[in-house]
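Shared between the two complexes below is chain A, which has chain B as its partner in the first and chain C in the second.
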Partner chain A sequence: MRGTRRKQEGRWAWRLTGFVTVCVYIFMFAPIVATVVLSFNASMFGGFPMTGFSLQWYSKLMTNEAVLAAFRTSLWIALVTAAVTTAIGVVTAFALVRFEFPGKQALSTLVILPALVPETILGVGLLVLIKAIDQPRTMLLLVLGHILLAVPYVVLITQARMVGIRRVYEEAALSLGASRLSSFREITLPLLIPAVVGGALLAFTISFDNTSASLFWRPAGVETMPTQILSMLKISISPEINALGTVMILVTVGIPLLGGLILQSLTRLKRRGEPKEEMK
Partner chain B sequence: MERRWTLYDPRLAWMLVAPVLLLLIFFLVLPIAVMAAYTFFTFVTAGVETSALTTANWHEFFTDSYYSGFLLKTLRVGAITALLCGVLGYFPAYFIWATTFKHKWLLLLLLIVPFWISFTIRTFSWINILGEQGVINVALPKLGIINEPLPMLYNEGAVILGMLHFLLPYMILNVYVSLEGIDRTLISAARSMGCTSAQAFREVTLPLSLPGLAAGLLLCFVLAAGSYVTPQLLGSGRDALFGNLIYDTIMGELNWPMGATLSIVLFVVLGFFAAIYTRYMGMSQIVKGLAG
Partner chain C sequence: MPDSQNLTEAPRPETAGVAKAGAARPAPVGAEANSPAVEFRNIDIAYGKFVAVRDFSLSIRKGSFVTLLGPSGCGKTTILRSIAGLVDISGGQIMIGGQRVDDVPIYRRNIGLVFQSYALFPHKTVFDNVAFGLKYRNVPKPEIKRRVGKALEMVRLPGSEKKLPSQLSGGQQQRIALARAIVFEPQVLLLDEPLSALDANMREEMRVEIKKIQKETGITAIFVTHDQEEALSMSDRIVVMNAGSAEQIGTPEEVYERPATAFVADFLGKANMLAGTVSVSGQGTATMVLATGQTINVACPRPLAQASNVTVVVRPQKLSVGAAASANRLSGRVVSASYLGGSAIYEVDIGGRTNIRANASISGRVLREGEVIDLGFDPEGCVLLDESGRRIS
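This part shows the complex of A and B:
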């Protein structure tokens, strides 16, 4: 009897866990679903009830010059940030995993700080610095700031992958006469590809999303997508903002998913072409 | 004559890390150092200050209860958010870890998707749920449960809810990563020695997952206490947190020395909590959580 009661308790605990899990997932996605649904609302006001299906807010969005300009700005910044951060982040991770040098520990800690220090502090700090040396806020500053914010993630992701790649592969290539550069390009980089792509995508979304720090760093008169949304929200929530949100969700969720799918099919193709090999 | 480079030459390592190192020095270390110096500058009028050294900013911070009140409120909101995240985040993390569901990856992917969706959008989308025209206030009167729309937006609860929404994935992933590190045979061993599943959880699983929970709590606390956008969008003026105070002091009042002082205060206070954490837990768990 006792045994069955105990088993029952276990089952109830498990059901409770499942129930809370479902609730948390609903909690996380309900507002996003509501926003997407409302973007198709025919009503003038940004809210329920639904009065009919309409795409007018999307067409209105397409003619909103301020939004389009902000979108272009954010896209450029994010692309540059992703490219540069991936390049410098990957070589840093390579050095941190493969090499021994004085100050390595300190650098490993320093490199994750931008992810831990609140953006407000990073934002104010950089502003105070350029005010102290009497420089204007420029686009370059904003991009470099975004790179700073994305670097920790790229380095950590690459480091995690790098640890699993044995150095004998590279050393074999070197001992067979390959130059350092070609050994990195031919051996290390291909093995790192998942981390490189993952890091680049993450850097892109971090930059594309960044709000708080961009509010401090953007040059006068420049709006990025998030700051544009923020200033539009100062008036009130409108169906147009919901439509804008939906477009943004499609872009920022679609790109990584697509990237992941491409990557997966690529590795599958490769595996088919090559003899099986364990990578450990 | 140049000395030949050895295979893992430290000089080469320095060259490889140079770009990131320079970025960190000029955009992270130096700004914070200059900011620390700025706290001793004299505020003249909006946008103007002199480098005449003074302790007036610090004096004002420590004597004016306006500032300490802000700080305490921010820490309270951060702590409440982190604790709620811990309680609500543990269940899904445990569920994903323990489930035999075949498409576990889908549950994990759904946790990562929010990271891709703009933070601003995720935050304002709560207006569509809680606002006067939101789901709840439109559905409930129709069902006859309430007559007046509930004022759910623009209060502290909404701010905490919004932060919970953006921080829960961090917490769940942190706990999950640490659960994944547990050797499952330990649990089978406990069960075969006569532990009930509840006892096995309390004595084995929970203690071994504490590092992840602690890392999650620290991350959620720091991110919540440093937030700016959430109180701005979901709170009223009274619910502003320390981040908003800093922004208004600098961008609104143009009082740069005071803004620098407040930033340094927040930096030191949050750094203090992070230091206590690393003193007992080390950095590795945070690293795992961020990279996972």
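This part shows the complex of A and C:
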């Protein structure tokens, strides 16, 4: 008898767990689903109920010069941020993992620090600094700020991979006659590639998504996608914003996914080049 | 994709520069032909306060196979890495082919290095791995192809060019690593415990293989191991290392038969050490009383002071058992017996602090635990050590 009761209890525990899990997922994804669904709504009010299917908000977006400009700005900033941050990340991780030098501990903490400090504080801080040395807010400042925000994550990713690359590979390359630079280029970097790609994608997403710090740093008259959405929201909740949000989701989720798929297929292609043989 | 580095492309400017610099270092010719392949002159190596190698000197003849043998932490790997330039020496000189290499960076030293963990580049094919050293020496493409093919034949893995290291077994990977290290005909081949990652069967096979390839190519090889069997079977000369310096340098027979110190006697083959005092010492022989009470006669190269403390070193194989034990009879009880087919190993308690090990061929039956056993050894079949643990000569 007790056995069946315990079984009953177990069943209820499972049901409860399942219920909570479903709730959490709804909470996480409902806003995203709502945004995407409503972007196809024919009604001119950005909410339920749906009155019909329409692509008019997307076509409206395509003709909205302000939105297109913001999209281009964000894309460029994100690309430059990804490129520069990845370069910095690889070099920093290499130095932190392969060399012993005084102040190494301090440096590795300092590099991570921007990820720990609240973004608003960083935003204000950089702004105050710029004011103090009497410099205008420029695009360069905005890009530098994004780099600052993304570097910690990229360093962490590349560092983790770097630790896994054993030093003997580099020693072997050196003993065979490759200079330090050649051994880095031919051995270390190729082995580091997954982290490089991953870091670049993450940096891109961090930059493309960033709102609060960008609000502080952007030059007058320049909007990034997130700040553009914010300023549009101030006027009204137009369904156009839903369409814009859907595009944002597509870019920030799609690009890392695409990158991952490309990486995977590249490694698979390499494997397929030579059938795996069982050998003694 | 950056990791599918194609070897058929022309060397890039900076790599070509390196290759030229490497090629500019001439192989020793003429007058230098008589100089040793590698020479250490009183080198010291220290990591901060820890001295890993102390006042180490060694001269290695061209074409010879020298083994650095010792327990872990004795400095043998450090010495090997110092030849490669992976470790900086803090004193003394290292010469390769008669030239000082103290300030020559590793990539210009022209040495072949084989690691314990193979260290094949995982993202490169077997061909690209083996061709790596040739590429940096400005060897033309058809020549690279020919020499890689030849090297792969030498390690008995022809046709494996297109495979990736992950598709090879441990033994095969180590063969490729060997091919990669010898294909550009380095002045010295350095082997850092290349067999210890392999399983027992493979290890024995590779031992023979490495030795064969070394003989065929006539390359000077320096081999690091903690395995005495490997050292004894492969080497022309063995350097027994302990705590950062050489205890003994000699042929395998010399270090085994005539250990210079107690450490060498113990490390190579776990010799029996019998403590005793000299009672009578004459021309060529000495009579001594062991701490366990027995009186024995031993060959002795010089007269010894009466009552001086001496240790007699006897190999387990030099002890005969039972009726064959004629000279220097020691009686005791069998503590344990291991039957090995052709022979048996007995641990015998003769009353001392440590048991005596005897490895004797079996005549009659194998004695069991607790039985009385007679051991004996020839007066010539032992080595005497003085109080400080050095061989009396």
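Everything below uses one rule, namely that the second predicted complex is superposed on the first by the 254 of 280 C-alpha atoms of A that agree within 3 Å, B and C clash if a C-alpha of one lies under 4 Å from a C-alpha of the other, contacts with A are read in each partner's own complex, and residues count from 1 in each chain.
As a convention for this text, a contact is a pair of C-beta atoms (placed from the backbone, for glycine too) under 8 Å apart; a residue touches a chain by one contact, two chains touch by 3 or more.
Since the structure is predicted, the reported quantities are computational estimates derived from the model, not experimental observations.
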Classify the contacts of A:Glu171 with the two partner chains as first (chain B alone), second (chain C alone), both, or neither.
both
Have a look at where A:Ile241 lands relative to chain B and chain C in the superposition and call it first, second, both or neither.
first
Contacts of A:Ile26 with chain B and chain C, given as first, second, both or neither
neither
Touching A:Val163 in the superposition: chain B (first), chain C (second), both, neither?
neither
When the two structures are overlaid on chain A, which partner does A:Leu181 contact: first (chain B), second (chain C), both, or neither?
second
Between chain B and chain C, which makes contact with more of the residues in chain A?
B
State which residues of chain A lie in both footprints, the one left by chain B and the one left by chain C.
171, 174
Chain B partner, complex, touching residues on chain A are 6, 9-10, 13-14, 16-18, 20-21, 24-25, 27-32, 34-35, 38, 45-49, 88-89, 91-92, 94-96, 98-102, 104, 107, 109-122, 124-129, 131-132, 144-145, 147-148, 151-153, 155-157, 159-160, 171, 174, 202, 205, 208-209, 211-212, 215-216, 225-226, 229-230, 233, 237, 241-242, 245, 248-249, 252-253, 256
Interface with chain C, chain A side, in the complex: residues 166, 168-169, 171-183, 186-187, 189-191, 193, 266, 270, 273-274, 276-277, 279-280
Using the touch rule from the top, collect the residues of chain C that touch chain A in their complex.
1-5, 14-15, 18-19, 22, 84, 86, 105-113, 115, 117, 119-123, 132-133, 136-137, 162-164, 167-169, 172, 180-181, 184
Listed in rising order, the residues of chain B that touch chain A in the complex are 7-10, 12-14, 16-17, 19-21, 23-24, 27-32, 34-35, 38, 88-89, 91-92, 94-96, 98, 107, 110, 113-122, 124-129, 131-135, 138-139, 165, 168-169, 172, 196-198, 219, 222-223, 225-229, 232-233, 243, 246-247, 250-251, 256, 259-260, 263, 266-267, 270, 274, 283, 286-287, 290-291
